[in-house]
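After this come two complexes, each holding subunit A, first together with subunit B and then together with subunit C.
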Partner chain A sequence: MAQEKSMAIPEFLSKAELLKQGAEARVYRAEFLGKPTIVKERFPKRYRHPVLDEKLTHRRTVQEVRSILRCRRAGISAPVVYFVDYTSHCIFLEEIVGSSTVRDHIASTRQSDCSNELAWLAERVGQILAKMHEEDVVHGDLTTSNMLLRHQEDGESELFLIDFGLSYISALPEDKGVDLYVLEKAFLSTHPNTETLFERLLKSYAAASKKSSAVIKKLDEVRLRGRKRSMVG
Partner chain B sequence: MHVTHELELFPDHRVTQMLFKEVKNAAELRQCAVEGKIKGALINPTMLVNPFQVLVAANKAVNLQKIGKMKTRSLYSEIIFNLSPTNNISEAFKRFGSSDGDDSVLVVLVHDKDEPQLLSDITARVSGRQVPAEDVSSLTDHAKIKKLYKITPQEEKCGTLLDAVVCRMASKDIL
Partner chain C sequence: MTVVIGFEGSANKIGIGIIKDGEVLSNPRRTYITPPGQGFMPSDTARHHRAVILTVLKEALEQAGLKPADIDCVAYTKGPGMGAPLVTVALVARTVAQLWGKPLLGVNHCIGHIEMGRLITQANNPIVLYVSGGNTQVIAYSERRYRIFGETIDIAVGNCLDRFARVIKISNDPSPGYNIEQMAKKGSQYVELPYAVKGMDVSFSGILSYIEDASHKMLSSGQCAAEDLCFSLQETVFSMLVEITERAMAHCGSQEVLIVGGVGCNMRLQEMMGVMCKERGAKLFATDEQFCIDNGAMIAQAGWEMFRSGQVTELEDSWITQRYRTDEVEVTWRD
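On to the complex of A and B.
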């Protein structure tokens, strides 16, 4: 019998391992089609109008899938999309097995004081973000938790971008500048006293793309606005 | 020889894949499928990278069947349709479905528990040599697949051809 919503997926998720309960989504780990898989489930927000909520949730799911595909096409590592269900708003993604977040990596590396390694990482992040912005993907939620680092056998590490739930397509330097501003705020508050490291990231961002100077200029403007606002408020 | 996978989302559904080479009666087999004598999808294996690709298509087909949102008339045509990167149904059949002159075929069955009867029924109908389903990778037409799915050289640097193909299949409804 034709049903409107998937019953199978909620049933499946009830037995999966819950990794994270967020404000908009739950993240699970499970085996799917024989592979280790991350499932991201967006759930209804009760305080929003149901029709509006459904539309917004649908749009976020679509944007997330689109941005992942756009990034991968440009050679930026992001998890493979295995399956999407638009009735339960679930995305089934490749689990990046054996990875750690850049956040955890920075925290543990700073303790052992390997500044060379971190400089390499900051430059790599700068390059990848420049490439992403060249494709007009604005991530919308850049933090060091939304970057995964997988250490390869041969020593080289692979950097993945994840969590494109707030992403959108835009060519505007302003949008890209705000993207970097969000990262700067998150970076410096998560990792105190890393101003020089973040400078390094921005330098590498600037060097990697022809379009970057307009973005950095916007970043400076946004910073100034942010500062003015905090002086008033 | 065949591979059978349980669909984790639909625990009472299994997907079995059987691969045949040196097939002499592709036209007759296709006729059987049209008439419903073969309850399965007949796929052109040169368009497949790996059995996982079929699993992704089958899982999506079962899901759409359950929620009443299939784009084609049957579960088996839906599996073939899901393999294609575009939403053009006749093109999907032309490229991914078995054609009359083909000398190899991959048969996909969706069933509840292991049904040996179903399998021997298929082997009896195919005049050809059954080989391990995993050998599909040795028949893959890489150049054709890259062209059809529009896979960029940069993309292959950050993942396998299978990764790229699966991403296209999973996202084609929103392109």
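On to the complex of A and C.
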């Protein structure tokens, strides 16, 4: 049975549309049981030692599914997991139809200078991250490319978190602080001169949860660590 | 025609190089080598640099066949680096600039690596992986800055390798990293080590603590050989570096990678990066130890770019700093 399934997946993918090859996986668009589906295939990385590669790939597939489930149970928008295959390391996910990445959204909105809308978005991101951390999910790879925004007909927008491959469960403020630090660096390097926007994000993060203040304190510590880092050679 | 002389001595290498419009006229260098099990201390390193810097300067001028009058600008490393060696080298640069009546230019060491890599490989707009004893950064250029997309959140990859070499008493001649690379070629058993990638950032301190502890136990019980540990450490930390580089490429949509810095001349790292690039249809650029490892020409080359774009450093501003981030520098010579 398992053998049959793993044979069927390459065939299934060969008919699917390859959307992109990310750093982690190939991403396909297909239809699965009549639903628009995104298939994320973690293919072997030949530059890595095979033992290390298998271990990482398996662990990340498991972690991704686990964290999505945990987020969804807490009411955080993330794509539904339809199916997982641990032999070929494929995850079948709900396609968030009609969405764009927060990254593209910020880039296009900044040109047209709608600062109100961006402020709203930054606050929304802060809230959703506070909620995620409240569930002890540490994303591990927070960037504006890993957040999707779907505009709905009533004018409201829904924010989705994706790409949980580096995620893990931890209650430590340290881990959550590093999570925000990773986002801060990715945010400011991808969107130059948006310091005030990111501050807004952090403020809304701090206001959204009781656990936040310890995390923000850790974030300040991690930042200093970065600066203090010996920079020789 | 613009001729720039560059003084570099931010760590245990002292180098002076001369660049004439993209051509390296000379680039002599000396390395302060410590006994196995020991790192280099700032004051001893500065003493070493003081003892040889004038000999190296003479060599640089002689090999280039130039007189001081032929030089247009004196560039030196302003930082980042170790305080005492930086002060020593800046002092000599300041002195000769005044003796020769030439303008001074303080250069960011990391920018030196990037500009030298771009000059030698002709890479146009690559994602830069800068890996050395003190730095681990993934950099991309945008809007007049070299922006840091990913970096180590604790120690540098070269520092992790060097300190492991000290633990198992590997020779520092010519460099601990080179000797680990040679030993790793003879290793075959893969020992599982922690793997710490956080988005586009990495962490090495946990791996170092783990292997420091495990190596004594594993070596004394004969579970594995020192060569196996070198092999496993390289496989693990280089996988992390290739992974964050690939992440940055996917994030920025870039199809070029340039590796710079002392660890960048490791052939296993270059090989792994090459495999990743091939899978993505991207191009890898790397240089050999001549230009990867700290040298004077890289400071001259960054100085050349800065000087041509109209920058000079006044005498009263010609200080040094131990901390000087890559993204603090406004890149006035690129669009």
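In this section, the second predicted complex is superposed on the first by the 219 of 233 C-alpha atoms of A that agree within 3 Å, B and C clash if a C-alpha of one lies under 4 Å from a C-alpha of the other, contacts with A are read in each partner's own complex, and residues count from 1 in each chain.
Convention: a contact is a pair of C-beta atoms (placed from the backbone, for glycine too) under 8 Å apart; a residue touches a chain by one contact, two chains touch by 3 or more.
Everything quoted here is computed from the prediction, not taken from an experiment.
A.B. asks: Which partner chains sit in contact with A:Val80 here, subunit B, subunit C, both or neither? Use first/second/both/neither.
C.D. replies: first
A.B. asks: So, A:Glu31: does it touch subunit B (first), subunit C (second), both, or neither?
C.D. replies: The answer is first: A:Glu31 touches subunit B but not subunit C.
A.B. asks: Could you say whether A:Ile216 touches subunit B, subunit C, both of them, or neither, answering first, second, both or neither?
C.D. replies: neither
A.B. asks: On the A-aligned overlay, A:Gly22 touches which partner chain: subunit B = first, subunit C = second, or both, or neither?
C.D. replies: In the superposed model, A:Gly22 contacts subunit C only, not subunit B.
A.B. asks: Is A:Leu159 in contact with subunit B, with subunit C, with both, or with neither (first, second, both, neither)?
C.D. replies: In the superposition, A:Leu159 contacts neither subunit B nor subunit C.
A.B. asks: A:Arg72 in the overlay: touching subunit B, subunit C, both, or neither? Say first, second, both or neither.
C.D. replies: So A:Arg72 only meets subunit B here.
A.B. asks: Under the touch definition given earlier, write down the residues of subunit C that touch subunit A in their complex.
C.D. replies: Against subunit A, the touching part of subunit C is residues 10-11, 79-82, 132-135, 140, 142-143, 145, 147-156, 158-159, 190, 192, 195, 197-201, 235-236, 239, 242-243, 246-247, 249-251, 261-262, 272-273, 275-276, 279-280, 294, 322-325, 327.
A.B. asks: What residues on subunit B touch subunit A, complex-wise?
C.D. replies: 5, 7-10, 52, 55-56, 59-60, 63, 66-68, 152, 154-155, 157-159, 163-164, 166-168, 170-171, 173-174
A.B. asks: Please give the residue numbers of subunit A that touch subunit C in the complex, ascending.
C.D. replies: Of all residues in subunit A, those touching subunit C are 21-24, 45-49, 51-52, 55-56, 140-143, 145, 166, 178-179, 181-183, 185-186, 189-190, 192, 222, 225-227, 229-233.
A.B. asks: Of all residues in subunit A, which touch subunit B in the complex?
C.D. replies: 2-9, 12, 30-35, 62, 65-66, 68-69, 72-77, 80-87, 94
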